[in-house]
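Some structures are shown below for you to check.
The same chain A turns up in both complexes below, where it pairs with chain B and then with chain C.
Right, the complex of A and B next:
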């Protein structure tokens, strides 16, 4: 009876948002302690090539068909994937900049981030490795429950 | 003794390495080849005076067919080869239908070596691009802009690729991104279906842009030497006529000689452009002035406005181009020269004068375009566009059309394209 009452109460609760986060990560030896969202946009969108101290940044991405990639760029830039691709087509095919290099999966991303102090990338799960530092957390809001 | 020296050297090397704190060898995470590409499949229905051929730029071939697939269809493949963090080799080839007099190697759009001096500065050498117009760098990449093609009134007469060097500085100041570029080299220009393209050389071009919060403002200025390549025999004939002891005929022949571009002329391109993307609105506008007296004094401008609704972006646009160099009247050399040269020679001179005048007048562009269309982002890497445009061509202003006769006219073009990237 208690469990049924609890279930009824839970179903009657208003739908609450569930956060899915994205983690922008660097090597622990990288002097960059944190990134603003604007700075992250500039790096991932090819407008800036360096960290705050002037060191060249090597930006890495996950593959186009990664299930979270569209949501990552929407959380980062507010643009949908077609807008992001359109933006890059103007830059890439005019030689102005190249998109971040795409790695096969998040395991490869972890490997590169752990060995290269110049690397910057993103993950869909918070890294537990002490060899890495999260410099920015992006939140994606998604409604869950009955509408 | 040798052992002692070897030992000392080994010790010195170890000390040096320790002093420099040489890092463990890291794999080259940024080397390697990246292949990518873009393309367009397009079809247009053209309603224009008989014989007139629609073109989006003067490198295209002439065709007065009502249904065209060659206007927008193209396929581009690009290879980026990174040699570490600072060096890059880039090559891009575009397959599309070109005019009769297009040169070998015109298919190569980009072919350069780039060196990144630091985060802000990049030097490129080889075949780059004349970055003197808002869409110049990506005019072939339909996926990158809302309309079916770059506004023809402005982009039809662009010089082609730049063989030379450019130096770019790009830096961020607060919320503002600045770019400045200096380019030098040579290019070619002109109608490659009607004849040999003109040579544009000793180009010095400067571009500056400011981008903040979705608003891009840019200005560019370029100075160059333009040598059109009119037929040599015809130009020799005009030169001879210009030396005759008949001031009126000599002046007319000299003017035709100059207007045909036989003598090199200094020219300038001046451009102001803006592109604004805010919320779901996007619009772009540009004003260009091309001056190379007495060849051309062209002012061109356009504005395109679009609004995104989900995956759909309807747009409208207006463009206009106007050459202020006057049209020439056909000289009457038959009458003026017959007493001096005889009837036959005078008739030949008249033929030359008529042909040269027609060629000069055929190079004038005076037209305006109204367009409406919609872009549908049907796939993250492909977009479908429908566009309808009405073009009003003024008297002796039809140079953007192939095999046109200079009469005032109105044309309609309906286009469907699929742009994609891979």
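Right, the complex of A and C next:
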């Protein structure tokens, strides 16, 4: 599956870098043009629930068993998935914060993002759909060659 | 003999007690110093320990606080702060935001906020970015509790140190008592119970054989040995001296000679019993005589004794003489006395006078008796011819020297021979005795002389009487009459004698006794030739040989 995905990416982007990237994407109609990594962390880790203009942001995640999820969070926060889970379990214990809602797959993610202007999510491939806007590209920390 | 028990060493004089006090004082000082240091250290350590436990607590919750602050999850932060504040070491826990706002605050039950309390602060950083400071975790320590804990720990430590020092002191004391003062006290006790010269020696306990106590015992034993030897020598010497002294004392006491010692002033220093016996004064009285003049109270003529002393001192030799003692009652007592004087070599002054006296009263009286017998007529007790002539010679010399007068009378009894022949020698003797008695009575004066020249011839010498004195003729007349009185014999018969007296005077008839005697004899014969019962004065020497002169 990884190989196929990689193959797809390589086929699509013959000039793409050696590292796989993650794409944080919003609806094309969203006024948010770009996002700093810090702002992305704040949104994904539940600190902030609004875009720069103050509009409420709906954050979506990919499922826990998604092959790229761990790498994504590692690239985003510098933490491994266990640490992220621990983070969320402490916040959930107090009941004040909840982690982003998980969608079944990237297709569902694409669908939600295209439909909801307040939504924000991440993809392991750069979306080609014009209805979407990539606000931040995260570079995977590990080198592709190791795989 | 019971030895006086030496007093035990008591109070602060006791070495053991002083040692103990010093040990305890040192221990107390050490304990104090150690306890003080231990207290400081313990307190500092306890404070540090409290601080580090709180810091450890803070470190334990750091991540959670960080997450809570990041997510601004006040509930989570409150959980954490109240959890921390449940610790007794903590009073207040608060989480401040970056702008200084208190996000969460936990207060321990019963605690109150103290602005002066020790504050522990830790920065709260973002869990995703350590450079991003989200706020501050502030922990106010429960200083009272921290101090109390520290004090408790410090006290425990100090008490342990003090206890250790006290225990050490006790052990030291017991050891010193057992190893040093115990043996010393034992030694002193043993020494105290020893008798001088008893030959006892101290036994060295085996465990002290090689140590200082052993050395001390050896030294004491050496001293005891030396003491015993010295004491034995001393005793032997003393016994010798005592024996010698007793011998000399016996000689001194038993000596038949009275021995006395006087000081320069003539006071009695010492005298033996013979002195007491000879002098006739008890020893006690002699002793009491010490302050008085011995010479003056014992000798009849003290000046003679003093002269002897001066002579002995001057000549440096013994001077002796027969001396009469002060008479006791009727008896006259004589001693032969030897006096020698010990002089101070340097100044020549008299130091002591030694006198030896022998009782010669008996010899003296024997001598006197012999002399009396030799000089006196056994029948009439008048002086005999020899003695009479000697006395007369003395009288004549004396009169001549004094240019005094002296009268000599030769007396002859007339008819004595007939009485002797008629009535026997006893009657004659009776007449002689009676006549002698009458002559003695007539003369009266002790200084005058009455002597029996032999047979019925008598001599009378009267001193300081001259031919012109009326007392002479009266005396002679009275003598005539007295002698002419009848004498009653033993058988009751009265007999009578006649008397002829020839008189010569010095210096009228010469100064030589024989010349006087001769002149008196001449006058006597003149009287006899011209009838009896008369007295006649001799003619002056110019008319010599005398013609008959009738009285």
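The rule we apply is simple: the second predicted complex is superposed on the first by the 123 of 147 C-alpha atoms of A that agree within 3 Å, B and C clash if a C-alpha of one lies under 4 Å from a C-alpha of the other, contacts with A are read in each partner's own complex, and residues count from 1 in each chain.
Just so we're on the same page, a residue touches a chain if its C-beta (ideal position, glycine included) is under 8 Å from a C-beta of that chain, and two chains touch if they have at least 3 such contacts.
Predicted, not measured: the structure shown is a model, and the values here were computed from it.
K.L.:
Here chain A is shared; do chain B and chain C fit on it together or clash?
P.N.:
Clash.
K.L.:
Is A:81 in contact with chain B, with chain C, with both, or with neither (first, second, both, neither)?
P.N.:
A:81 contacts chain B only, not chain C.
K.L.:
Between chain B (first) and chain C (second), which does A:96 come into contact with in this model arrangement: first, second, both, or neither?
P.N.:
It touches chain B and chain C both.
K.L.:
Based on the superposed arrangement, let me know which partner A:41 touches: chain B (first), chain C (second), both, or neither?
P.N.:
Once the two structures are laid over each other on A, A:41 reaches chain C alone.
K.L.:
Would you sort A:54 into first (chain B), second (chain C), both or neither based on which partner it touches?
P.N.:
Only chain B is touched by A:54; chain C is not.
K.L.:
Does chain C touch more residues of chain A than chain B does, or is it the other way round?
P.N.:
Partner with more touched residues of chain A: B.
K.L.:
Once the structures are superposed on A, label A:134 by its partner contacts, choosing first (chain B), second (chain C), both or neither.
P.N.:
Touch status of A:134: no partner.
K.L.:
Thinking of the overlay built on chain A, is A:116 touched by chain B (first), by chain C (second), by both, or by neither?
P.N.:
first
K.L.:
Can you check which stretch of chain B gets into chain C in the overlay, out of 94-102, 292-300 or 328-336?
P.N.:
The overlap with chain C comes from chain B residues 292-300.
K.L.:
Of all the chain A residues, which ones make contact with chain B and with chain C?
P.N.:
On chain A, the overlap between the chain B and chain C contacts is residues 38, 47, 87, 90, 93-96.
K.L.:
If you look only at chain A, which of its residues touch chain C in the complex?
P.N.:
Those in contact with chain C are residues 38, 41, 45-47, 77-79, 87, 90-91, 93-97.
K.L.:
Please name which positions on chain A make contact with chain B in the complex.
P.N.:
Residues 38, 42, 47-50, 54, 56-58, 64, 70, 81-82, 85-87, 89-90, 92-96, 98, 101, 112, 115-116, 118-119 of chain A touch chain B in their complex.
K.L.:
Where on chain C is chain A touching in the complex?
P.N.:
Against chain A, chain C makes touches at 64, 67-68, 70-76, 79, 127-129, 132.
K.L.:
Okay, in this complex, where on chain B does chain A touch?
P.N.:
The contact residues of chain B facing chain A are 26-27, 29-30, 34, 36, 38, 76, 78, 80, 85, 90, 92, 110, 112, 114, 116, 118-120, 124, 128-129, 137-138, 140-141, 143-145, 170, 172, 175, 177, 211, 311, 377, 380-381, 383, 421.
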